[in-house]
């Protein structure tokens, strides 16, 4: 990982120096070794605080909406999953591709600090990742975890290690593709009775504090003005004074990003209440795959999404009522 | 003959036939292979029952002359199904006769080696119930 | 026989496209075909005009069932509107089911301008199904419900 | 000083809850948050920080203010104000306890917020000393001693016992009502507790954010800070979500909204966030159209405007929730440090 | 805030008998925005409209709600009334309390309650209505007629006579349709060819008419006043410009095995043929499935014998693209296939024929030269049985549920003609009812019975069996209460008629609707019988429903008048209920563009706010038809549909659910 970072810094400095790009978008070191912040670097000196390790989780593609409105070209580092979001934003004309220099960086999965903490790592002041194990240095002693156990949800259900779009790639140790079924969680819910599902979601959504972190981090939620902020939309609201509002917000949001969601998993990562929001979006992806054929937003920049497309032979809505299960 | 109207309604109910669908084309009667032997013909059954004139039908031997071949049902363009009505009238007659059922015990005496099974089944359908 | 006054009468919102289903509803009227008065029809130009938000809104405001009617696939006045609507509603209704909301409360039916009788029978059946499900509790705004019951 | 065996705590909760509502950190669907105690509640006093702070008990995220009932063209106004019933909030950490003082400065000064006031009057605060401070904690920078929290009753875990120390009249009253459950602590207990507190204070000194220097902040140099170029860089990653605001124990901004119920309107207030692009939206638009301006507002308010209006008191208690919850890990500590407030 | 007037129509007793109109009017006054309410017996009447107009003027109304019949009925009426006194017509909304309330509910309490709610929803909507102004679009002064039968011909001639260009697209090599196959026409018994062929010639020689024969419309796009049609012209393998129609090729063609469609397959024709002597255009056509040259590569006899050098084996399919202001559907009918009606044994017995076949057998240009000979042995039939309602008025899958309307009269005609020409023939007609509404129709039927001695038997035929050349017809005589058995020589079946199979695809292409029997639906069954619900598409002839020739011609002319009325305008007022994008909210994401069926959305870069240049959606209002697909696909809610805005629909939802 250190080697990758070295190459990244070298190449970024080079591109800045040659004037091919005038700024670099990457991750900056934090206070505790795990709290990286996306940042814009404009000089070789600043680049010394560029970091790329097991905690470089934030998806940088959404920042390019604003960055490509500015003068000059920006260099951005994208992980494989981030490139899906990037492509989708290109498709929606939200990013000017000409103004971005994309360097794809290898990724072997990012670590979830909350997962370490919930496993008892209190007072973490530094984390080491040797590829297999993650060692947390805490105020109360060191703790060791198997990396697979403490990966972010989005990494446990990784879509793949291939970059969908890039100008250059930095791959030192090619990461092996691992088969995983990202729909396991959805399947488990589908297998429940409707009453159980209702209880599950009511419990989860009840926690929602409407901080909008899921929406604001979502690369598909790139609206200039969100319907929830627009007094004229009829659904505007700032809080969830009623259980209905909780449902409403998440249903509409999931529906608005249906067919556009790249399943980057950021919503679940950022939720302060750990609501498994990916289960909402992934359900829609699963349904669209099942009903209208495999489709993953972000694999290209010109295909039609399932909800802006149709065939005359599409399934009828009664597939749902015929699915069985009462109520 | 307590209440002919009631009986007529009953016949409509057990046969499941809506006699009002008839458009009086007479195709049922035209198709009937046992026309000669029947005093009242399929189209008349439909018309009589629709108008509650049951007495004549109940007295007539025609109900037992119907072959239940279902030609009329097959041919009827309006899906009136006259044979089912006749069947229902027959049933009404039998029920009013009281308990003079043909019992299975009585069969061996009458049985003929050559007799097709279907005839027996048909006999049960017509004469018992 | 004394009929109890307090029997549950669900509120049903029906979205009907102007060209087929609304005309079908008109034909049901012309043919004097009865269906429960709980069904209230909202006319939209095409089934593809029905935003999932409208359906959620209806549930929020106290609807117990929402049915969307459009032209039969292939017969859309705008050629393809109902194909989009079909996908949207399939996804929405499956999603609501996923959240544990009774799927009997939502329905899509294709009713042509000539199918007055079918319109009436569809409505009769839908009202019956929703009545059996009882009042909508899972996807409604309790603030609205309280207001209604406070009346 | 009183004490109660840890394994008897459920009896204590039950006794309190019998007389009044008891709010206490519970694990609800996997996350610790203040919740109303009931039989079988999964009480979680081990987690240092609830997701939402204890302020929610006094200043709920949503609160009805007034409602209007319409019938035809007639409108009836229904007053939603009511006197709060007595309640207890248990397990408040030192930082959150301090935050009530800050909120009091806002809501209890003229004009008094009656909704808040009645809850403050009827609420008894039982604080809990921290035993294992975490890396994101920096309460000491605001002079808070997490081993000795304020409150109506202060409690401390040590060994097999929870120690119970009433500090106010309200606290004494509550203590009296629970007499049969509480034992009186002896000198040995007091000594053990003092040792425990010493330990905690030692740990506090080892925290990475210990000694965070706030001397550059306060009422001075307002314009200089306001016009600093640093804000642009600091805010560049900000998503504009409200996570920091909604977990913050001292954020007190709220929005007033109307909900159309069909036959009337429910007017309620709900937490607002200065990070939102429609914050303080007016007819002409928003006074802070860029995220940088909104970002700056949040920190200028906490570290400059509030102290300049309140005798130098910062509107931050160093609980570190925002440090933990920010999706992109930008936080008040990084801001403080960027302006020269380097720690240690 | 609007000032809304609510008007409740009694519709005589249609509404007032079930809905307490006074209570609805009273309830309306309590609704926000409502300043006036009134009820009246017939709102749509002159005085009802005056009531509305006066209220608009006197009360200064800014919005109107009429609680009446379906908006599909009188929305336009009331909008026009509002417009006449200066109120924007789109400030008028209808609450449908007849079709959706009074006609379907019996309980007054329940119906009134529902009427109040529907009124409330309409008021809630009007409160959010905005004045809409319709745009204009140019009218292409050319009409397309699909189908070249008597209906299409008559419509085309009438339009052309009014001075507009017309194209007739006919899928067969010649125009003329079914009428060209008829021998005589009822009730006057004049010869069909004598009255039809002059019309065909007139159409062909009309300077404003272009006949595109042997062609089919492949696709239609656009909207009223501005349709674009793609017409596929099948190859004839004969150069139309050179062919003189002399018929030498047809004479020389060695292939003789193809069934002659014109004579209902009762004789044969060559692979190259002219459909019939009076065909228009009179051009030869090569049937490549029968042609030896096409099958083996050898032959070419026709090519060698054609003095005009018109044969062209290399001809290819051609696509003609043309713009039209109006389209007339005249796709006509066919007798149904009788294979499913096994009781008549049509497919087993050569001597069981359809009435259309009989027409050919009696026609001088037919396979028998006009002498009535039965097909099996070419003998004179002496006993002929006609069966009516074959496949009509039935509910089985092989039947049609409707009355085919023309059979009673042509059967009377046939029986009369046969009795006249061959008095030694006995003629029986099995009928269920004899339906003869029409001028001189019943007199005609009575003549068949009284003057010509045709035996009309009330009853139907149950089966027909072939017994050594005789057809044993088992029928019933209901009046005699007898089963009758007739040993007939010839049985003629009055087969039901059904819309041409192309109707369905044409309807889809035009987005016009068809009913369950595939007949085109009219915009209104009584008041707009020649228009389809799709603007700019008109109906002519049997494609709309069974008709005889005079009715067809009348409807054809009526359709022509409607077309002429449309084409006489230079510009059309567009539907103002179109989509519009709020630039301040638009992300330019291109979702809406993908779902628009009309290609009405494009993207422009625009300075939305000062210094803020953005890609935003732009709706071409003349092209948008207002379906609303874009509004739902738009994630930011920038796209909305005028007249059916998100807020309006939500207001209706709220009003209904509260």
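Per-chain residue numbering starts at 1, and chain names A, B, C, D and E are given in the order in which the chains are listed.
What we mean here is this: a contact is a pair of C-beta atoms (placed from the backbone, for glycine too) under 8 Å apart; a residue touches a chain by one contact, two chains touch by 3 or more.
Treat the numbers as computed from the prediction; the structure is a model and nothing was measured.
In terms of the stated touch criterion, the partners common to chain A and chain C are D, E, listed by label. Between the interfaces A-E and B-E, more contacting C-beta pairs are found at B-E.
In this assembly, D is the chain whose CA centroid lies farthest from the centroid of chain B. The most centrally placed chain, judged by C-alpha centroids, is C. The mean-CA centres of chain A and chain E are about 55 angstrom from one another, to the nearest whole unit.
The mean-CA centres of chain B and chain E are about 46 angstrom from one another, to the nearest whole unit.
Here the CA centre of chain D is 73 Å from the CA centre of chain E. Rounded to a whole number, the gap between the C-alpha centres of chain A and chain D is 30 angstrom. Among all residues of chain A, those that touch two or more other chains are 227, 234, 241, 307-309.
Those residues of chain E in touch with two or more other chains are numbered 595, 633, 646, 650, 654, 657-658.
The multi-chain contact residues of chain B, meaning those touching 2 or more other chains, do not exist; every residue touches at most one other chain. Inter-chain contacts occur between A-C, A-D, A-E, B-E, C-D, C-E, D-E. Against chain C, the residues of chain E that register as touching in their complex are 70-73, 96, 98-101, 103-107, 110-111, 113-114, 117-118, 121, 507-508, 511, 513, 515-516, 521, 533-534, 577, 595, 597-598, 625-629, 631-633, 641, 644, 646, 649-650, 652-654, 656-658. Residues 69, 259, 261-264, 266 of chain D touch chain C in their complex.
Those residues of chain C lying in contact with chain D across their complex are 61-62, 141, 143-144, 147-148, 151. Put simply, chain D touches chain A in their complex at residues 28-31, 33, 48, 51-52, 61-62, 64, 132-136, 203, 206-209, 233, 236-237, 239-243, 245-247, 255, 257, 259, 268, 270-273, 276-278, 323, 325, 327-330, 333-334. Against chain E, in their complex, chain B makes its touches with residues 21, 23-32, 35-36, 41, 43-44, 71, 75, 77-79.
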